[in-house]
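Below: the structure, in structure tokens.
Each chain gets a letter, A, B, C and D, in the order it is written, and its residues are counted from 1.
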Amino acid sequence: MTKKLWGGRFTKEQDPLFWKFQSSIDYDKELARYDVEASIAHAKMLGKCRIIPKKHAQAIVGGLSQILKNIEKGTFVVDPKAEDIHTAVYLALVKKKPKSADYLHTARSRNDQVVVDLLLYCKDKLSVITDQIKALQYSLAAFAEKNIDVIIPGLTHTQHAVPVLLAHQVLAYLNMLQRDIERLAQVKERCDIMPLGSCALAGTSLTIDRAYVAKLLGFSKVNENSIDAVSDRDFVIEILSAISIMFMHFSRFAEDMIIYSTPEFNIVDIGEAFCTGSSIMPQKKNPDSLELIRASCSQAYANLVSAMVMMKGLPLSYNRDMQLDKKPLFDSINLTETVLAILKGLVESMKVNKEKIQQRLADDESIFALDMAEYLVSRGVAFSEAHNVVGKVVVHATKNNVRISNIELDELKGFAKEFDSDVFNLLDAKRSVMSKRSIGSTNPLLVRQQLKKWHKKK
Amino acid sequence: MTKKLWGGRFTKEQDPLFWKFQSSIDYDKELARYDVEASIAHAKMLGKCRIIPKKHAQAIVGGLSQILKNIEKGTFVVDPKAEDIHTAVYLALVKKKPKSADYLHTARSRNDQVVVDLLLYCKDKLSVITDQIKALQYSLAAFAEKNIDVIIPGLTHTQHAVPVLLAHQVLAYLNMLQRDIERLAQVKERCDIMPLGSCALAGTSLTIDRAYVAKLLGFSKVNENSIDAVSDRDFVIEILSAISIMFMHFSRFAEDMIIYSTPEFNIVDIGEAFCTGSSIMPQKKNPDSLELIRASCSQAYANLVSAMVMMKGLPLSYNRDMQLDKKPLFDSINLTETVLAILKGLVESMKVNKEKIQQRLADDESIFALDMAEYLVSRGVAFSEAHNVVGKVVVHATKNNVRISNIELDELKGFAKEFDSDVFNLLDAKRSVMSKRSIGSTNPLLVRQQLKKWHKKK
Amino acid sequence: MTKKLWGGRFTKEQDPLFWKFQSSIDYDKELARYDVEASIAHAKMLGKCRIIPKKHAQAIVGGLSQILKNIEKGTFVVDPKAEDIHTAVYLALVKKKPKSADYLHTARSRNDQVVVDLLLYCKDKLSVITDQIKALQYSLAAFAEKNIDVIIPGLTHTQHAVPVLLAHQVLAYLNMLQRDIERLAQVKERCDIMPLGSCALAGTSLTIDRAYVAKLLGFSKVNENSIDAVSDRDFVIEILSAISIMFMHFSRFAEDMIIYSTPEFNIVDIGEAFCTGSSIMPQKKNPDSLELIRASCSQAYANLVSAMVMMKGLPLSYNRDMQLDKKPLFDSINLTETVLAILKGLVESMKVNKEKIQQRLADDESIFALDMAEYLVSRGVAFSEAHNVVGKVVVHATKNNVRISNIELDELKGFAKEFDSDVFNLLDAKRSVMSKRSIGSTNPLLVRQQLKKWHKKK
Amino acid sequence: MTKKLWGGRFTKEQDPLFWKFQSSIDYDKELARYDVEASIAHAKMLGKCRIIPKKHAQAIVGGLSQILKNIEKGTFVVDPKAEDIHTAVYLALVKKKPKSADYLHTARSRNDQVVVDLLLYCKDKLSVITDQIKALQYSLAAFAEKNIDVIIPGLTHTQHAVPVLLAHQVLAYLNMLQRDIERLAQVKERCDIMPLGSCALAGTSLTIDRAYVAKLLGFSKVNENSIDAVSDRDFVIEILSAISIMFMHFSRFAEDMIIYSTPEFNIVDIGEAFCTGSSIMPQKKNPDSLELIRASCSQAYANLVSAMVMMKGLPLSYNRDMQLDKKPLFDSINLTETVLAILKGLVESMKVNKEKIQQRLADDESIFALDMAEYLVSRGVAFSEAHNVVGKVVVHATKNNVRISNIELDELKGFAKEFDSDVFNLLDAKRSVMSKRSIGSTNPLLVRQQLKKWHKKK
């Protein structure tokens, strides 16, 4: 019969299909190092509190330390009969310390053990991801600075709105990512609470020292309700939610760059290293990286949905359903690490087609309509009136297929007497962005100031 | 430089991280046999139509047939440099038929190739799954027959409603599964349309014979719009939706059995082979199989969400985003195959605790309230009045902590003069189910009739 | 105390907040006419089967018929104390026929009553929606015919692929909608099964005639398992799923048109009647209708998720949770009716900017790369080789900033000796589409043939 | 022509169906008071900065203050022609101050206006909801104290695990709610950033004072990137996510109470005021409130999905799609307010069936298996061995249908020689909970200590 942590009461072997189905070792081996670290701390405490004989505690710590080294070296081999990582580590320990191993699983259940593993995993991964986001921010800031003078048609409704600095738009991405960092930091703090000692769901009659375990593992608090400790997966959902929002940001960036790299928009050029071709159309250079990143957003969302739906309506305390928190969590974490790394390279590969953009801005003078309206406002016209007037000018120009700059001043005055000859100066993208004064606006000075903040971040 | 199906236009190698990210070979190798079958048909057609030299067509068919055999024997080895299954098969063909392989990818794009692969895969898997559902139905019907005389408290709102045959409830599961079969059959029919020859998105100038390919591959129709053919993933979403509904059914069955196997309800006993124990509590026999099946529903839902969200707002025609249809599809299909197999075994392992159930039914006489109301109706009382009367009888019994069968007839007549001595006969579960007469009701004769239908199904 | 269908057993009034929360009358009043129709059929049957006195049955039918007329005229007033539509209709009947009303709710529960209401509603609405889809198809076909000669850059990955007829792309939308029709028809058939008589969950001891009720209500079958009848909401989820796929189609169409109506793409012009402006930028004409339709897809998806998640893990049979099937169902149905109506008008408002498109096609000769590769294939070159050669030609042209049509034949022959002077004829969009021959391709003759089918549909 | 904020450029009226579809006034009227408050601050600033004439600024502030009073009194009437709340307020202002109203919409777009409205709304509602959660916590704590001596079978896998205090389980709910409070507080802080002045997307050339507006409206920061300000809906998604987790908590509580109030478990009794009956079964008292709350979780999830899917892949900056953030946001906020209020009353209505529970605990002695194992550990047995031994004792008792307390000591010693006569003392629920010592355990002293913390919270 397979070696298990719970054999005694059973008189029959499990159905092999069910056994495979219920085994989590295929994916929870990601937790190996955290499981061992937590077990080392637990064994030290059991020895210190004299719950198990000191010599066995020492033997266990010794055996686990060797296993940890194997894990770090990549030489840890999972016993194929192990159903989960906890059993795998236990079986490895049995091999190394056969006389002591059976003392380890005292005052502990897999219910609290898996939570401490998960929390250690999450704290670790959230640090890694945060560093990656910062690195991506740095690359974006560098891209913005390299193209600090580039003005693009700012879009609302995917239609020309007003001219903006490309760097100004990049700052929007930087701010989005900054909120991502903030959210992850807050979840990480909520992960900083030590559950071991909650056991099955009610604690233990043995005189354990939970604070000591917390200290050894770097947690600043211990959980104060054992039922909650083994029932709670809020942190998993929170992380999946924060990652979903981050992928929503990625998907918007990807969409922008896909649009910008069409021959029609022709604003950016994605490096060949991040494109692929077609098996049938020889000319193709497709922005596959961006498309896959956009699509990955659906994967991140689905992982969140998976964990949320799984938890809905589960009675307290632990239910086996909760095993299915790990697949979506690990998938989203791994996906995040991958996509952040690719995005960084992709941003560094991007080139801007400055001439093409300038041309496009020169072609569409209606993009200065707001500048014209604010010009009238500064001459005392009520905004609603000014808006109305300029609207009519634009219709007039479109209908007669004439550039605004080619309309005679007298004709313009027919629309509003406040128009004067300097109105034509407005029809210039550079002047437009420089005229902006409000905090957070696309004014080049303000944009430069903002960008500096992101440099210091590095 | 890595061998690709689209190298010519590129002057640089892909970024290695991006390359790995965009490669689908890890999962689309599930399509291997379908990719080869489709390629064989395609090559035969190219030869027949003299689009490529006959000898090359024959060589290709020969080479691919060998590859197909390797796949069937499990000896096909994927070239680690292949980015997807199409490239893997091509590279294997190059090894076998170096002079001819380059003729295969004529009048074909990966855009239509992947669709034909997917459709062949879906048609195949839907057959397998349908057979599995039928087998599960058979096990359920056998379980119902074995326990044909067992009466349980039928529940609404998880509260006692009226007595029903356990077999009657099993028939509900059978009907749910029957709708699942119907839905899968309809999607399968919608998968019966051959897309090859749509090429990138617009068809080809070469004189191909699409009907011939369809015939070779067992499709009854060819797609009549090439843009739609490469843009469409409706069938993927439909399958994921049908599977989601099926898992919703599984989750309800699992919930019922989890509740029924608590010590409090104690209606069924899940075989040890489908339970596991606790690492800390020695007495535990937990229905993990049922819990994991209930939780799997969230995974099935998430896969549907993933595919739906991925497709939202995608411009026509093919986008690389669509590569992410495969992960959720394969995951849900594999999950379905596994869970159906486990459910079958689990149902076969289930035992019914007849005595405990009978006791419980005898304890709660309020479960016969509807019988009492219908008794009054048959004596001419309007239903609303009868309902009201019996409600008051129940409150009276509860308040005074007395069994209804112990209330004196005279006292009962005080609630409604139509009560007579035969009213006490109603307080019997067997009589209750036998009294039902409507089609579809829990009457044992009708239930037996229904069950026979499912036997014949086998 | 409020008049209810279930007062007798209760000694206390409900909490007012809970009462309001649990009331569904705000939204289930959509079911009014179906509830009355079903009640009329039920009363006729009760009378015919002599379960209630004939005179009361006749009085009930008479009263309900008056109520039905009021509903049709829009003069039916819901009693504010009614918690749901069933109670509202009952209270209205009490007013009209106080002596008979209490006989109506015999051999019936709200559990089966709400299902028959919902099924009648669904069957009705699915017919209406199907007609609307057909009308939209007609408008799309008319749009395609009006612009039958327009060639656009066919896109894959939102990048130029090969030239296609705009009408060919419209045919893709038509095919997508056709699958929507098919799916809705199949769900509608699954709705064609009469649940009344299932009562609470187990049927009734009264000698009802379910087949007669089915016939009166236009159902072709009766449900054969009463537990399933009151527990099943598959049809709700199925409809929400079919609608989700349809909205996915709408979102793709919307995305295409949003892109096509940017000044950069400039392919279509959305009628002003389907655009709005900006409160600050006077020049703006934004495609809000398309954006809102694209966004509505998320609402349709959410409704599906809502119903699916609600049903997960619900024990049989009826649970009050199931009341929350109606909000998402009604919302998606209403949204569908609205969006289909708007899409029809929007399509009719669309204009095509033929000159601009032609220009863009003339600008990008790399779009003919596949034509050049197939040219080489027809001269005996293996496709992989041909693909490679043309890829190099494209790179050469791009690098040297030269049009392909301006490369000397001799230079071309340097890439592949099979090139001849007629290769330059390929660089023409009209010729490109006309050269296509495969079924379903963009060949104008085939496209015209296809379009005819949709005309006949009308 | 309908009065709009953007008429000038348009020559045609909008399609009436589209007009209704795009109008948001039906739901965004929830923003009325926030829209007016923000406009007052904006007008004050425009006057102070001399962007508009002081007298007009004063007139506007005066007019808006009157409107605000009307809103507070509930007498504000929305102009049926208004498409959104911004227009409705503007039209009301035009009526009151016809000469000044047109000056208000200066240096402002609906793009930034709607964000400031939403943020003010969210900050306000999050405060209200937080107070409600605290009130619910107080009721739960009171319920726990009232039943401080009640011991129930603690469940894992919905199976008996170990005895726990009912109050200990209530503490789990309290901790869950506490995390909800924490999350809402963090989102609220992220809402504390003032977007007005970002205008369409790029800021303004007018010399506005954003800090002043922020101060007037109680924001502590201003947004530093105008494109991000109008493109960002993270806060909406975050709130919907935090609410989803909270409803997941509600659904678990509801599930627990539904199970506890079955006749089989019979632990709690839900007050009649929170139950309803059946229209057909006179005896029924169904926990509809709990079922509807459990189901509402799906509605909360769906709202999150709706907002997330809507935002996926949207190009910067503002798109009309984003209008669909409001429906799910408002729906989830309103649902939260309602459910929190109902839960409070429901908890206060709950009674505990102490005798029934005690009986059940006495019936199942296997629930003390962990106590027996820890007894052996304290006598030097390794835990794995102890676990194994007790497992066998349980099997022995079950097989022979004998209570553990009836096994002879000698027979017990046959399983492990460390068993002594005091082992039988363990088979007592009270002793079991009192024996627990670890922090967070179910020990009554620790539980009391914890409960005190929640009292102080009030």
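Here is the rule we go by: a residue touches a chain if its C-beta (ideal position, glycine included) is under 8 Å from a C-beta of that chain, and two chains touch if they have at least 3 such contacts.
Computed from a predicted structure; not experimentally measured.
Asks: Could you let me know which interface, B-D or A-D, is made of more C-beta pairs in contact?
Replies: A-D
Asks: Write down the chain pair in A-C, C-D or B-C that repeats the interface of A-B; the criterion is over half of the contact pairs matching by residue number.
Replies: C-D
Asks: Between subunit B and subunit D, what is the separation of their C-alpha centroids in Å?
Replies: Averaging C-alpha atoms per chain gives centres 33 Å apart.
Asks: With chain centres taken as the means of their Cα atoms, state the distance from subunit A to subunit D in Å.
Replies: Chain centroid spacing, subunit A to subunit D, equals 24 Å.
Asks: Quick check on subunit C: which residues sit in contact with 2+ other chains?
Replies: In subunit C, the residues touching two or more other chains are 5-11, 105, 111, 156-158, 161-162, 199-200, 259, 277-286, 288, 291, 294, 297-298, 301, 305, 308-309, 312-313, 319-320, 370, 387-391, 394.
Asks: For the complex, give me every residue of subunit B touching subunit D.
Replies: Interface residues on subunit B, with respect to subunit D: 156-162, 258-259, 262-265, 277-288, 291, 305, 309, 312-313, 360, 364, 366-367, 369-370, 372-373, 386-391, 393-394.
Asks: Given the complex with subunit A, which residues does subunit B contribute to the contact?
Replies: Residues 4-15, 17-18, 21-22, 86, 105, 108-111, 199-200, 271-286, 288-289, 291-292, 294-299, 301-303, 305-310, 319-324, 327-328, 338-339, 341-342, 345-346, 349 of subunit B touch subunit A in their complex.
Asks: Across the complex, what residues on subunit D touch subunit A?
Replies: 5-11, 51-53, 56, 101-107, 111, 154-158, 161-164, 168-169, 171-172, 174-176, 179, 182-183, 186, 190, 197-208, 210-211, 222-232, 234, 237-238, 241, 244-245, 248, 251-252, 254-256, 259, 294, 297-298, 301, 304-305, 308-309, 311-320, 370-371, 374, 377-378, 380, 382-385, 387-392, 394-395, 433, 435-443, 450
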